[in-house]
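Below are two complexes that have chain A in common, paired first with chain B and then with chain C.
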Partner chain A sequence: MLEKFKQTQFYRAIFRTGGAPIATHKQRILVTLNNVFLHLHPVRIPKHAVKIKYTWCMGGLSFFVFLVLTVTGILLMFYYRPTIEYAYGDVIDMKEQVPLGLMREIHRWNAHLMVITVWLHMFRVFMTGSYKPPREFNWMVGVVLLILTMLLSFTGYLLPWDQLAIWAITVGSNMAGATPMVGAAGPGSSLLAIGDVNFVHSASDARFVMLGGRFVGEGALLRFYVLHCIALPFVIMIFMIVHFWRIRKDGGISGPT
Partner chain B sequence: MENFKEIINFIAAPQIMFTALLAVFFFIFPPTDWLYSINRKLGLHKLWTKGGGIFLLVVTLGFFIFGLTDENFRLIVTKADNVPIVGLLFLVIFLLWLCLFQAENNDKRIAEGKGPMEAEDAKEKVLVWPDLVYIELIALVIVSALTLIWAISLPAPLEGPANPTVSPNPSKAPWYFLGLQEMLVYFDPWIAGVLFPTVIIIGFMAIPFIDNNPKGSGYYTFKERKMAISIFLFLWLLLWLFLIMTGTFLRGPNWNFFGPFEYWDIHKVEVLTNINLSELVYMIWQNKALPDNIFIREMYGFAALGIYFGLLPLILAKTVFRKVYDSLGPFRYSVFIVLLLLAVSLPIKMFLRWGFNIKYIVAIPEFFLNI
Partner chain C sequence: MSTPKPQTEQSTERRTFIKWFAIGWAAFAAIVGGYATLILRYLFPNVLFEPKQSFRAGATNEYALGEVSERFKDKHGVWIVRDQEKIYALATVCTHLGCTPNWFPNENKFKCPCHGSGFYTTGVNFEGPAPRPLERYKIALNDDGEIIIDKTKKFQQEKGEWSDPDSFLLV
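Up next is the complex of A and B:
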């Protein structure tokens, strides 16, 4: 059946390598070259680089988990409205009303998992000394990816709009209020004043910008929603593209020379 | 049994646990040749053999299984959002072992003039399709299956609807930020929440430019990069993961410390008699009132900071870090040493607190500037 299907014009239109059994060296190379996704990889790589004990697969898994998060996140967006009125109820409905209401679980646990895999990926890259020339820049791109991953996780934490969410974000955002000069409770902010008029106060400081309000409320929910669903995924994708591109350009996975 | 739990509760306190870990740390991960030879003499490198791995597994797993028989331990470890951190703990221990197991192996091979194992493997080339694509596929299937099981068996937490007037006690940030929240015990928010994160980001980006040792790129080794690995593990294991674990598992109501087998009693009081350096110098040692002028009042603190960030780098460059200074040059060395001193200021502040109840070195509440 399958073999027959592989001979159809339809199959061969999709897979450029065609349906013939892939047996020769040349055909195997063509599989990679002819496929836009596999083309991310080189055709031939040194054996140590495919060993799990070398890379632990952590970078690849970070990317895969990110894809799972994108898909489940889009599904969650179908049901979720980012307002104080609806958010909490919508989150409950995701479990109660939606068939196979598992999406929220998959999304949340994969989000935790992504923070973990990215940390461990960084740990591996350090331990193999893979940040050394010529890979310095890709390490820096990696650090940006790490921050973006944690920001994605942090902004998502608020969306269920339960006690856990708003108080965790309150703890986190209070720190922004302590930023030197631009936070109302930060050192030096009282210096930015003319006479009795303070420029930096709780309705104009860094925390206010982050939350869109003096406390974690409607404004913060909308801001975090937009950041979480649009802005940060967009930015992290761009950095990932650069990251993958540079892996190839820097000579593939690091190895002893 | 109860006695054993009491003992664990006692030694889990950060004062004791952190001090103990710090005391053994540089023998287990020796940064210098001298410590390295002691590490060998004590046989600590045997941790990174197969036997050592089994030992680590038995001890951690054993402790964990024993812990699960205790109600308080179970309560905190199986809290849905804490489960990933338990997983992280086991993964980190296993992967640390895996790195150093390969590193020891390679170091031995290099000493015999054979080159690292990776070089041996790299002689052979494999095709991405099918060799790598299949490994990737299997990894994806395994991870998908695991997360699916995880999702089915552990419901995502959802507490009562948000209520800005009732704050839970303790209020915790998400677990990956608990290292920073734990630092709040020792530093003001502008340091723990703003300065340190900034410094961590800059510091990490600076790593490739500070570590100019050309060796050890693309294979596991310890011996060729002792200093770099030791410092990195110090930051990542002791100053980051340890604080996260403490913040998650051992901090209860009012951010009080609770041992792993201790009940989270809201009414537990800890006597706080913290004082500032200026108060210690003027009021306790000299028995005087605090001077009115802020600069005179805080001059000892400023002097301490000046010595720490100004003089100490020079002394270190002439002594312990002589070789580092020679190879990095003045600019890179300055960046390196300031980053390192900032990191080390955390344990210093911890010990000042535990040993002398010092709250601030420099305290200028008039401008929210407390260090």
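Up next is the complex of A and C:
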């Protein structure tokens, strides 16, 4: 039955190697190379690469957790409205009234988990010296991914719109206000002035552009929502593409020397 | 077999190419830079849907001697304090990281719930991580004798601005 199905035009149109039993090494390689999802993986890997004790699989776990976050995040967006009037109530609703009330908690737990796995992955890469040439550029890409992970964590923090969220973002965004030159409370901001006219003030500085207002309010909630759901995932995916591609191009997983 | 072009002609061509190449890239960079500037400006709205920065706070006799009034705390983020000789408006923004402290009448102090900074009724910090006193806002009387508080003008003690006559009302 299955063998017959493998001979159909339908099957052969999708899997171009056809259903013929794999006899040669070349055929085996082609199965991987001719599939867009499989070809992301190397055709062969060194023995140490599959050792959990060596990699902890932390990079792979980070990506898996990111996929879980993407799926649950999309599901949460069906119920969550990013306005001061509805945000908190919608989050409570997702727990009490929406079927499968764990969805928001799964997203939250995985968010915590992703920060942990990304740090552990970085720790592993550091301890095995995998940042050394020829992988030094991928280490830098990884640092950007770490920063993006933390920015995603930070922007998601505001969305429940409870006291913890509002005050945490108030504290966090006040740090942006202390940025040198472009923060109103930061050093050097008074240098950017002509006479009495200050160009960097509380309605024109780095903190303001982050919050879309002078305090954590409607503008900040909407900005953080768009950053969290659209802008930052978009950017982090681009960096992830480069990161994964460079693993292959830099000679695969590093090995003990 | 083709004969090579004379040297002079070739270098003229190269020069023209490089010229237009440079002009092209400069134009491209200028357009991209222009768009980037527009996008940056786009992120700064012209109209803010936030409460007004100045408000009327009633007559001076509505505030008792030694009182710390929380009347405008929620709406405008201001405490109005009256001491022996003057009335002043304190910002309810902790100078550590921007949380809102609470007023404790029994202990006669402001205490921030976030990291425990404490302030006297004057606004001067005495405990916790806050690095400087609370800020005071501009306070004045209008023609009808009503108190007007203007939050766009701030007075900081560490800059010696609390002696500015705009920062308090003599009563």
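Here is the rule we use: the second predicted complex is superposed on the first by the 220 of 257 C-alpha atoms of A that agree within 3 Å, B and C clash if a C-alpha of one lies under 4 Å from a C-alpha of the other, contacts with A are read in each partner's own complex, and residues count from 1 in each chain.
Simple rule for what comes next: a residue touches a chain if its C-beta (ideal position, glycine included) is under 8 Å from a C-beta of that chain, and two chains touch if they have at least 3 such contacts.
Since the structure is predicted, the reported quantities are computational estimates derived from the model, not experimental observations.
Touch criterion met: A:Val65 reaches chain B, while chain C stays clear of it.
Partner contacting the larger number of chain A residues, of chain B and chain C: B.
Legend: residue contacts after superposition of the two complexes on their common chain; A:Thr170 is shown touching both chain B and chain C. After overlaying the two complexes on the shared chain, residue contacts for A:Ser204 are found with chain C alone; chain B is out of touch. When the two structures are aligned on the shared chain, A:Lys51 is found in touch with chain B, with no touch to chain C. Of the two partner chains, chain C is the only one that A:Gly219 touches; chain B does not reach it.
Residue overlap on chain A between the chain B contacts of one complex and the chain C contacts of the other covers 167, 170-171, 174-175, 215, 217.
Those residues of chain A lying in contact with chain B across their complex are 25, 28-29, 31-32, 38, 41-54, 56-57, 60-61, 64-65, 68, 84, 88, 91-92, 95, 102, 104-106, 108-110, 112-113, 115-116, 119-120, 123-124, 126-133, 135-136, 139-140, 143, 146-147, 150, 153-154, 157, 160-168, 170-172, 174-180, 183, 185-191, 215-217, 254-257. Those residues of chain B that touch chain A in the shared complex are 81, 84, 87-88, 91-92, 95, 98-99, 102-103, 115-119, 121-133, 135-136, 139-140, 143-144, 147-148, 150-152, 154-164, 166-168, 171-174, 176-177, 180-181, 188-190, 192-195, 201, 204-205, 207-209, 211, 214-221, 225, 229, 232, 236, 364, 367-370. Across the complex, chain C is touched by residues 167, 170-171, 174-175, 203-204, 208-209, 212-215, 217-219 of chain A. Residue ranges of chain C in contact with chain A, taken from their complex: 43-45, 48-50, 97-99, 114.
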